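Note that the chains are named A, B, C and D in the order they appear, and that numbering of residues resets to 1 at the start of each chain.
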Amino acid sequence: MNEEHRPGPEWEAARFSVRYAETDAAGIVHHATYLVWFEEGRSELSRRLGLPYRQLEEAGVVLVVVEAELRYLSGARYDEVVEVWTSMRRVRSRSCVFDYRVIAATDGRLLATGSTSHVAVDLETGRPTTIPEPFRSTYASAVPAADPEG
Amino acid sequence: MNEEHRPGPEWEAARFSVRYAETDAAGIVHHATYLVWFEEGRSELSRRLGLPYRQLEEAGVVLVVVEAELRYLSGARYDEVVEVWTSMRRVRSRSCVFDYRVIAATDGRLLATGSTSHVAVDLETGRPTTIPEPFRSTYASAVPAADPEG
Amino acid sequence: MNEEHRPGPEWEAARFSVRYAETDAAGIVHHATYLVWFEEGRSELSRRLGLPYRQLEEAGVVLVVVEAELRYLSGARYDEVVEVWTSMRRVRSRSCVFDYRVIAATDGRLLATGSTSHVAVDLETGRPTTIPEPFRSTYASAVPAADPEG
Amino acid sequence: MNEEHRPGPEWEAARFSVRYAETDAAGIVHHATYLVWFEEGRSELSRRLGLPYRQLEEAGVVLVVVEAELRYLSGARYDEVVEVWTSMRRVRSRSCVFDYRVIAATDGRLLATGSTSHVAVDLETGRPTTIPEPFRSTYASAVPAADPEG
C-alpha cells in the first residue's frame, strides 16, 4: 500500500465507503461530491477536537464557505473505502482555512486535494463576527506546527 | 410521439434537462432524484396556482412529507428533456396528496409515477396545523373534477 | 434509550452521521436522502453476507429499483448518528424486496421506514434475467425465518 | 435591477429556480450545488453551440474535471430564479477551461463565480486524448475575443 499520501499527525480522517448515488454516468464519483466529503472531513475534525461544529451553530455562529479549490487526481468507484484527511491551515479572529486530501484506502492512491476558506457569520444579524471561544483557540491549537499561521 | 402518458388539463408540468450529476454509474438517473423532481413538480404547480410554496412557508407553515410511493418504468439519460406532471389528488384541512407522472419529452415514454402525502406543520410549534387560507381553498380548486375527494 | 424500534438479528445496520449537505432549509434531513440511505443499507447488508453488491455488477447483473415506499416519522438533524437497519423480505428468481428502518442512535426514535423492490437486469442486453448464484441463494438465506416468502 | 454582473455576448446562461433539495439547514443553497450548476452551465453553452456535450461522449471522449475554483458572494434561497452564465476561457488540443458567474435573476446580485479546468480522456483507454473535431474548433470559436488564448 502506498502510504506516502497520508499526511501527518495533526490531520484527522473521516472514513467511509463510496455510495452508489455519489457516482455518475462516467462510472466514477461525481466531482461535486468532494465538497460534501470535505465538509464531512471538517465535521470529523471538529468532533475529534471535542467541539462539534453543531455546537458552534448552537452558539449562534456559522462558518460560511467563501472560497473553495479542488484538484482531482484519480476517480473513485462505488464501494471503495475513502479517507478524507483534513487539517486546519489557518485560524484568524473571523476566518479560517481548511486543507483536504482524499485517499483511496485500498491502494493509497490520491483522489483529490483541496481547501476551503470560511468566515464566521452571526446567525441573527447575518453579519461577520469573531469565532467565539473556546472554538477559536481550540481550532488554532489544531494548526500544524510546521504551518504556524494561526 | 407517444402522447398517451400526458395527463389531463388539471395537471401542470415542470420541464427541464437531466443533469449529469443526477445520473449514476448504471448510466441512468439515480432513483432518489425522482423525489427531488416530484418536489420541483409541486413547486411548479403551486407557482401556477398563484401561490408559490415559498409563500406558505413565509406564512409559517410547512407541508411535511409523511409518505412517498414511486414506481420506476424506464431509465432517463443525461441531457434528455423530462416533464414532471403534477396534480393535487386530495386536500383536507391538515393534509394533502400529490400525484406525479414523469415523462421523457423526446419520445413520450413514461419514466416514473408516484405520489407524496403531506401534513401541514406550524413552523414555530412543530405541531400539525390547518393549511391556512387562501392556500387550502386554492389547492382544493386544483383537484381534478373526476377525483373530487377535496 | 428506546430500543423497541431496533429489529431482530437478521437485520443489519449501516451507521453514520447526518451530513450537513443532507439537510434542507426546513432544518432537517431532506426526504430524498432516505432513498440514498436505504441504498447504503443494502450495500452494508450485502457486504456482511460476504457478497458485496459491487460483485453482482461485476458479474454483469444490476438490481434495478422498480418500486419504493417510504414513511417519514421524525426529522433528523445535522450530526445526529443514524442507523439504517435493512433486511431482505423476499427473494425470487428474478426479483427481491428489501425492508428498512432508520433509527436515531442517540434516542432510538424511529425516523423512517420503507421498502424497495428490485428486478435483476442483464447489463449487456438490458433485459430481465435471473439473479445469478451464489447471490440468489445467499440473499434467500438472509430472509428472516418469520417471513419465509423466499 | 443591477445589470452590471451580467457578462458579455459570448456568455450563455442556464436559467432555473432554486430547488428545495438544494438548500441546507443554514437556509441557503448548499455550496456543493454550485458545481452542479456550473455543469448545467457547460451543458447549456454546448447545446447553444450546436454540439451538446452528450455528443462528445457519444464520440468516445469525456471532458474530465481536473480543477475547480469557486468564490461565494451571496446566498440563494429556495424558489429564487438564478442564471448560470458560462463562457469558454481557453481551448487547447487536449484541455479547456470554463468560467462561471451565477446571478440572482430577481435583483441581479452576484451569488458566486468560478472556473473549471478539463482534460479530454478517451473513454476506451482511459488516457488523455485530443478534443475531436468539430468540437475543438467550435469550442475555440466561443472564446471571447478579448481573451484570445484559444
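Going forward, a contact is a pair of C-beta atoms (placed from the backbone, for glycine too) under 8 Å apart; a residue touches a chain by one contact, two chains touch by 3 or more.
Computed from a prediction, not measured in an experiment: that's the story for all the values here.
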| item | value |
| --- | --- |
| Same-site or different-site touching of chain A by its copy chain B, using the half cut | same |
| Longest centre-to-centre distance from chain D, chain (CA-based) | C |
| Inter-chain centre distance, chain A versus chain B - centres from mean C-alpha coordinates, in Å | 35 |
| CA centroid of chain A to CA centroid of chain C, Å | 28 |
| Chain A-chain D separation of Cα centroids, rounded to whole Å | 25 |
| Contacts with two or more other chains, residues of chain D listed in rising order | 20-21, 32, 35-36, 39, 77-78 |
| Complex contacts: residues of chain B adjacent to chain D | 16-17, 19-21, 35-36, 39-40, 43, 52-54, 57, 78-79 |
| Contacting residues of chain C [partner chain B, same complex] | 26, 31-33, 35-36, 39, 62, 64-72, 75 |
| Residue ranges of chain B in contact with chain A within the complex | 20-21, 23-25, 27-28, 30, 32, 77-78 |
